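Note that the chains are named A, B, C and D in the order they appear, and that numbering of residues resets to 1 at the start of each chain.
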């Protein structure tokens, strides 16, 4: 339902407002409200009177300047509110971002849905050896994957059975839920300002983040691209595809590149083997990190497929159907 | 300029959006953007799908329940953005509320206006003896007030002259400003969520707050009344006109009032002199505090006179005119 | 190991520093570091030079004054660091207190212990009808409890089996863990200032909090009593055993009690039935809430049994033994 | 006064605890309390039991890894409390760092000292043309400086006279102060965790910060070097002497340097003039910024001269002497 407003309005944000974008097997992200536009960042930076507009090229220049120099307070003047549904192990990572507002569906007050996240075959990979907390890229065999699924099924049936029986016996919900798995879906309203959202997204679309939360991050980055195209572009250029270089890394580059006549020039014949880099003070791991920063990488494109949105009711009904009826079911243990 | 939006919209907030309300002699408050309505608080509390509405009486009941029980997270889901102009001694109190976003006009980057706050005759009062940090209610004599004004005038002329001369000599603005008085007006964009705004307003419309910041608080409370009438009413009933009672104060009341048959009854013949109250553990000062809580007080009404708003341009021009021209003036010292 | 320091030191905090206090069946709380004493709160409030001391009675008066008037910034000047171990469903409630610093044991990086919380028979109660999110006080029958335990056992065996097999197959830990139940124990370092700790404890020792987190809150309140006896006493008197009264509740009391001659007096013959209270603007639920505030209640005593502390090694070894060996076990499914 | 503690203790922090280091003409910084050491950062990162120690080289490696990868939560586990005295225009910049705890000397409650900051001749410089908010490096002439001092003197005499007269007439202090200049000294207790302190110091020792706050930052950086030598070193290497490079800047370097055989090699004959850099997407200003990042710079050394500390009493007495006596002075206007 459209109404009239005198507030600054983003056409891209309006396009997706209230639409539910699926993530993983049962999750979603929806933008339910927003405050501010790219232009509002400039207005805040200039402490402007009224809503006068300037040329987009000037706004773009200012936004890029602010981001590059970490003048982040004007970007705190834009706010987004999301409705999100994710497995609890993801919720536990997400909530670590403290500068946000959260209202989560309460398992003390309400019955939880028996909806569990099942990773797809390509995602069930072995532990990475280089990234101590992630996966390796090597999927299990089809046979192993079937075994994993069977184990999950057994475990979830047992958990659900306990939950159904306990809630059927009117046991307090805060206790009935304690054996539900971390793969159980929960949902929340989540509100955050642009500065903190960009920080969240930078960390969560990063390949070192758990793949499942990356999936949420990508959808939200796509929303950002629609809502605030100039801020999105600056974030890609200065954050996502930028890098922090240490004193030692800059020293290494200074040995290979000279500043000459207002430009840069490669120092002919200069090279630095791994050993030479370590002599500059880089630890062995840092040598690899430096090489990786200098390898060419693709610019990610988080464009959102707006057509993939589904109506709120679809998720609301799926959630409602998955909640135990409250009556003990005939074939419960 | 009105545009169409799918966002939840508050008619009361739209009415005042972008209008500048004068405060003190040169200051103002304007609501420049907002996100959310009373209904959005309920939606967040229920983690609702979509924007369906419920009966206002149910929303009111929930909002009052939440406020009474300090379930404050749903009220964090509403956000306000203000443009404010105030003397620096007020800005220094205001900024102590840390859970807010601020962009202040920069005296390092820009020239400051020679606009200074002058208290009116009735406000120049002696130091209070009961409230160690406030004023007494006793104004100075007319003669004393004239003397005060003359001192201020001398001091401001000297400060302005120094600023004009220094900036005329191209001295860095960050240094030229250091002798401007705390009464100099500054301005900022200030964004805050409802939960923190209510906390700010509770403290700042309180009679113990400095009178000048109360004036700002009252205007903002009036804006709140228009934007979120149910939240405003709950705030008046549970915060502004409520009180915290200590264990000792409750013990005193228990000696005077009994709980009987689902109601309350005064215990005939019971009384507690000051000494008896101290025996219950109240310090002398606490006895007075308790009596004050039990004296009848008027319910404040922060209704805003919408007709008092002035266009942004009026303030913007006043501010611009008061900025030194940058050229040394002929009659500068 | 004792060393010498010039820092302000709390004898009570030193007594328990580094000692591990058991909570629930496998959890614990230990105070691992602290900064500040009751006297430091006064020093901050006075912006004192050096560490001079004043009479305890004056410090007590100031601390009580500050707490009563919600002048909370001086209490932010004291800091506590805890090492805590709790079931994940408790960790999820705990983490909602955002103004704290947390380092949690990582299930992406490390193997998790197969330690699960099992509620005792008296705690497995039915859903409360009055408190929509808590338990009723009515425990299950012995037979029902046995059934519940059997269901938990089945579910935990299935979850553990999945975790053991998946980690044995070198599946990434971040995925292997997703079917572990919310009753699995996790642990973290948690650091918080006194102001926020008192807020946390107020909410978490409250009978409306989930019983399991109350158990943690009570131990921490006991630590507080030892570390900062004056702040603890003020918190009991003004927060734990105090109450917030609304405008309508105060109006009711004003009808029953008069302020006379520097004291209070019950108004003879005055009474307010439930209906009369509702006419004053109290909702039906608020009438009950008011009566409860005026019923006499015991002052809780959170004294800690220091002798119940156990050495860190005991928990560290229990945790280590419960972590899967990483090798597929012979009788795994 | 030394006492015994079981807390982790930093010898470097103990050395300076409670010593007052002068900054500017009347200001100071003193470390009045601290919690944690470099080793505590590792303990938090590992969620360690007890206080066992590891080899310093391992702790150093972990601290550098954490800082390099912005794993900042373990550094939030260390806390510092300072007593600082600075001019109000500096206090207004300082307070913008919101994630800190503050207790400021109250001008509503207490009389303020007539102590004002006077910049030295070399610091009164013209506005910078490149840095829009700073000074140029060009000092005023001796004659101009004398003129500036004379203007300041006149202005301060007028301000002080007003303050003395108003407070002598018992005018409320909250009003009497409003014409004191921004150069008036104030003081506060300021507590902050290491993560936020490093962020504060990075911004405030930066040459773009106002010189006066840099002076405070340098002293605090020196305290950090003593208290947490490993964290200080990592901060210098990864933050102070590091740089953020954008996508376009990295693309430029990729054209000049190749990754070969585990090391780096300058691409012979390759150069990028300013125009070529702009074609890669750098704005003109960004070209200069890039060249500056690649010019060799000295590593700053913030070592503190411990012998420069003065006893607390010296400042406390200076402050007390500068407070108006409260009696109208004979030669007051």
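Keep in mind that, in the parts below, a contact is a pair of C-beta atoms (placed from the backbone, for glycine too) under 8 Å apart; a residue touches a chain by one contact, two chains touch by 3 or more.
Please read these numbers as outputs of a predicted model, since none were measured by experiment.
Between subunit B and subunit C, two chains of identical sequence, the interface residue sets overlap for the most part, with shared numbers making up over half of the total. A comparison of the C-D and B-D interfaces places the larger number of contacting C-beta pairs at B-D. Farthest chain from subunit C, judged by C-alpha centroids: D. Remark: subunit B and subunit D have CA centroids separated by 31 Å (rounded to whole angstrom). The centroid of the Cα atoms in subunit C and the matching centroid in subunit D are 37 Å apart.
Residue positions 102 of subunit A each touch two or more of the other chains.
Contact residues on subunit C toward subunit B in their complex (touch as defined above): 61, 64-65, 68, 70, 236-238, 240-254, 256-257, 259-274, 276-277, 281, 283, 285-287, 289-291, 293-296, 299.
Across the complex, subunit B is touched by residues 1-9, 14, 17-18, 32-36, 40, 43-45, 47, 49-51, 73-74, 76-77, 79, 81, 83, 101-105, 187-189, 191, 193, 312-313, 315-316 of subunit A. Of all residues in subunit C, only 87-89, 91-92, 95-96, 98-99, 102, 106-109, 116-117, 119, 123-128, 132-136, 140, 144, 147-148, 151-152, 154-159, 161-162, 165-166, 169-175, 177-183, 210, 333 touch subunit A in the complex they form.
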